[in-house]
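Each of the two complexes below includes subunit A, the first together with subunit B, the second together with subunit C.
Up next, the complex of A and B:
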């Protein structure tokens, strides 16, 4: 398997420049109390395409710009779908946009999940919290090309049942015979009938559904969750070079110019956000990089 | 040694496949099988109650149980779910052999039940068996502690500042 990051696609779209193009919000949906999904329509005639795992820089007038991963299907990329958690000024402004409002878009930027390399293998997707959003395009891709992959397993952990993203879709996926979906929460009220425990505790349950040596794992969530998940995958025999993680840092240019997102020798915006785990494992435990 | 009964042979097979015991050598599995039984548990049954003596060590074969604690102002707080392949608790191995949490059955569950005092006696009589079981128990305790620490970190709280 190729150990290097999935190549950065050539700048080829009108949205991939230094200045944003303005997309119109056509739909907004509440996912959890602080997380919303926006559907964005490009100006008429503007093409847009992306690879699962890539992100856009979203700009709100007078507030600022943030990187947000694309969470819709790559085979049906317009309107562009973003799931956003309100944790700062810009993300709060984004989730408050209404249909008809304009939002500046630059992108797509960054590397993508290694879906070609994963063909013919078991694919284990491990998501924590809002980390399911950047992984959803990968899931859409796997299900859209289901015959090209062996087992597909999704392990998803969230803080509480209220924080689970895409509830309806999770239920639909759970009902499919060609994938395994295991969900857990860190804190469950007594009425919660599902699993309670961190996402790594799902591996024992998932064990029968994948062959570690023939598995590609895609992991996204808080960094600490990704570290422990990677260790658990390694302990179970998933080859290190088959593990991919998606990292987040503050970004400015999104294109490898400003150095704002520097992570050791890497730029998250250009060399990532999706990285092969061996490339970043040593950096993920350093205190200051 | 007496010939194993039909039940013992079945339990031996279950022990050989269970993640907690599958690495044990055959003679140890046979000894465990000789004291074990398979029990069927119904939702609402308690395997352990906080503060009460622990009379068995359970290895789950199917179904689900919850580790819970009761707090007067908050009611029952679910802490963790255990399911197929999990082992339930370690209080049976540590004096005073009393449960530190409630373990409540959440859905129909099948488990191998190893009576605590007989298990301790087997381990007392066979230090090699004792070491194997304690090693496995230690690794289980370690992974539960790690999971609990991650839970305590509340890692999803403000994940994308």
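Up next, the complex of A and C:
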């Protein structure tokens, strides 16, 4: 197979073991009706650094622990930023935390977006729903080192306008002259004047802004959305080995032991969550794998 | 870890002890601070439990195993190790089914973490060749990745291993096919072979040699060494099952979309027995619980199984819904993906999953079926039962 492996970042953090360290919530912000962003401050003197695309295991005292991607800037990693959608008992407890509360943190775990390999190329970011959260650190990185990259394009799809994450930031990015931002919703109310349709329908509009042969694509969203996005990128001539996806599975340990996140031969937690598309394409078309 | 070879001058590598001297061995281990775990009779099966003396051991039993059945019979020859492997494996001691991994307490607006007690030093008495291979498989999982499981590491470093070479094979055994037994090759402190009135003892480490120095023994004769080999060879020749391992990972990959999984899925009850009795299966879950006051929290690690539907619960729904997909996951992992993950197959040929399957699903037969379906049938010489 002709794909570049995603390097596994070195282990050096005191938070990368079996025991969580307790970080304090310093800020909480509502993003959508069921999604909130938390800012977490490590205990004094505890270092924390991560690479865009990595995740932490977040623990609510006595309730449980879940993997949540880091969604703040890697060049300014403290406080640690997490955007969390309430779907189960633990995520519900997480979004209900208030400034001053403590959260157990283990991590960062997993692989990261190939931002070094993408230098000098066009970068197309395709996000679906909460999938924008693990991609935001990549965007921050691209904009922070803007001169190192060619075109930067963000295609973002959500179910409805109410489900759009980071709305103010999206508007700010859309006002920039050095990036393209295209947003779509699956269905919108009468007053919505933006694009309607699945995220792949944005490609026709995005066509003038990137050269497929010289493009690196970073994709995160529901699995079916990633499959169709990859198909669309391939159809337009983006080389297969330049497409990267971030996958999600049940995880308990984050360290490749508990077995829950297995995806064929891969452990999503340590071999991913970011994968070169050719490494996972054959598995993504298998049912119930 | 017991790997270094003993200095042959300190004690000859192959020695003979009387059967009753096994008691001295147990006592010596206890004096050294080990808790000795050995095969005992419990609920009509041979299981591994703490023992303090020779008479705790299950003496004079033979197991009769078949797909979906396990039965004990009296052994006229009154041997200590005539049975093969039971429902339990040593993984229950190196990687316990339920273990607290930490405790946390709220105090004055802070959270204090507590580590659990250091696990005891264990001595395993009666580790078979396939089980030794299984321990080495789990070593790769828990000790050789980018992360290490600290509690497994601590237990593993401290363990003293007395292996036993099988002189009889069960009807569901196929260690010969998997290249793991019945001869014990490495990774033990002492290895016993049961003879008529004595045990032949191989010394496998300096720890083993030091222990034997305290125990009455004599040098083995060439005839005794040859007799021991003959007995283990006899076990090798009487394996109840075989499995052709030629290109197994490739066969699993080709079979991913086979209709055969649906067929097995109709028989499989998804009871998870196979994963619990398997000595290499390593999946677990973590449970977080609190006391009633909400001031103390505990994280517990529990064995889990890919046959449970909740196992793949992601973003609000399970991914492997059908039983067919769960059986496929188990078998393609064991005999396929495992090699990519850890460099070895996940099966050691102990046959437990065949014996303890309530409906008698036999992985050697399922592999055979897949081979016929995908044109990778093995040569007749290797499929004979």
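Here is the rule we go by: the second predicted complex is superposed on the first by the 285 of 289 C-alpha atoms of A that agree within 3 Å, B and C clash if a C-alpha of one lies under 4 Å from a C-alpha of the other, contacts with A are read in each partner's own complex, and residues count from 1 in each chain.
One rule holds in what follows: contacts are C-beta pairs under 8 Å (C-beta built on N, C-alpha and C of every residue); 3 or more make two chains touch, one makes a residue touch a chain.
Small disclaimer: the values here were computed from a predicted structure and weren't measured.
Contacts of A:163 after superposition on the shared chain: subunit B is touched, whereas subunit C is not.
In the superposition on chain A, no contact is made by A:46 with either subunit B or subunit C.
Once chain A of one complex is fitted onto chain A of the other, the partner contacts of A:88 extend to both subunit B and subunit C. In the superposition on chain A, no contact is made by A:150 with either subunit B or subunit C. Of the two partner chains placed around the shared chain by superposition, subunit C is the only one that A:22 touches, whereas subunit B remains out of contact. In the superposition on chain A, contact of A:248 is made with both subunit B and subunit C. Within the superposed three-chain model, A:184 lies in touch with subunit B and out of touch with subunit C [touch as defined at top]. When the shared chain is aligned, no partner comes close enough to touch A:214: not subunit B, not subunit C. Touch criterion met: A:262 reaches subunit C, while subunit B stays clear of it.
Across the two superposed structures, the residue set of subunit A contacted by subunit B and also by subunit C is 87-88, 248. Those residues of subunit A whose C-beta lies close enough to touch subunit C in the complex are 8, 11, 16-20, 22, 59, 61-65, 87-88, 102, 104, 248-250, 252-253, 255-260, 262, 264-265, 267, 270, 286-289. Those residues of subunit B that touch subunit A in the shared complex are 19, 64, 66, 75-81, 83-86, 106, 146-147, 150-151, 153-161.
Across the interface of their complex, subunit B is touched by residues 85, 87-88, 91, 128-131, 157-159, 163, 184, 186-190, 192-198, 200-201, 204-205, 207, 221-222, 224-225, 228, 248 of subunit A. The touching residues of subunit C, counted against subunit A in their complex, run 101-102, 104, 106, 110-111, 113, 115, 141-142, 145-147, 149-150, 256-257, 282-290, 294, 297, 299, 304, 306, 311-316, 319-322, 325, 329, 333, 336-337, 340-341.
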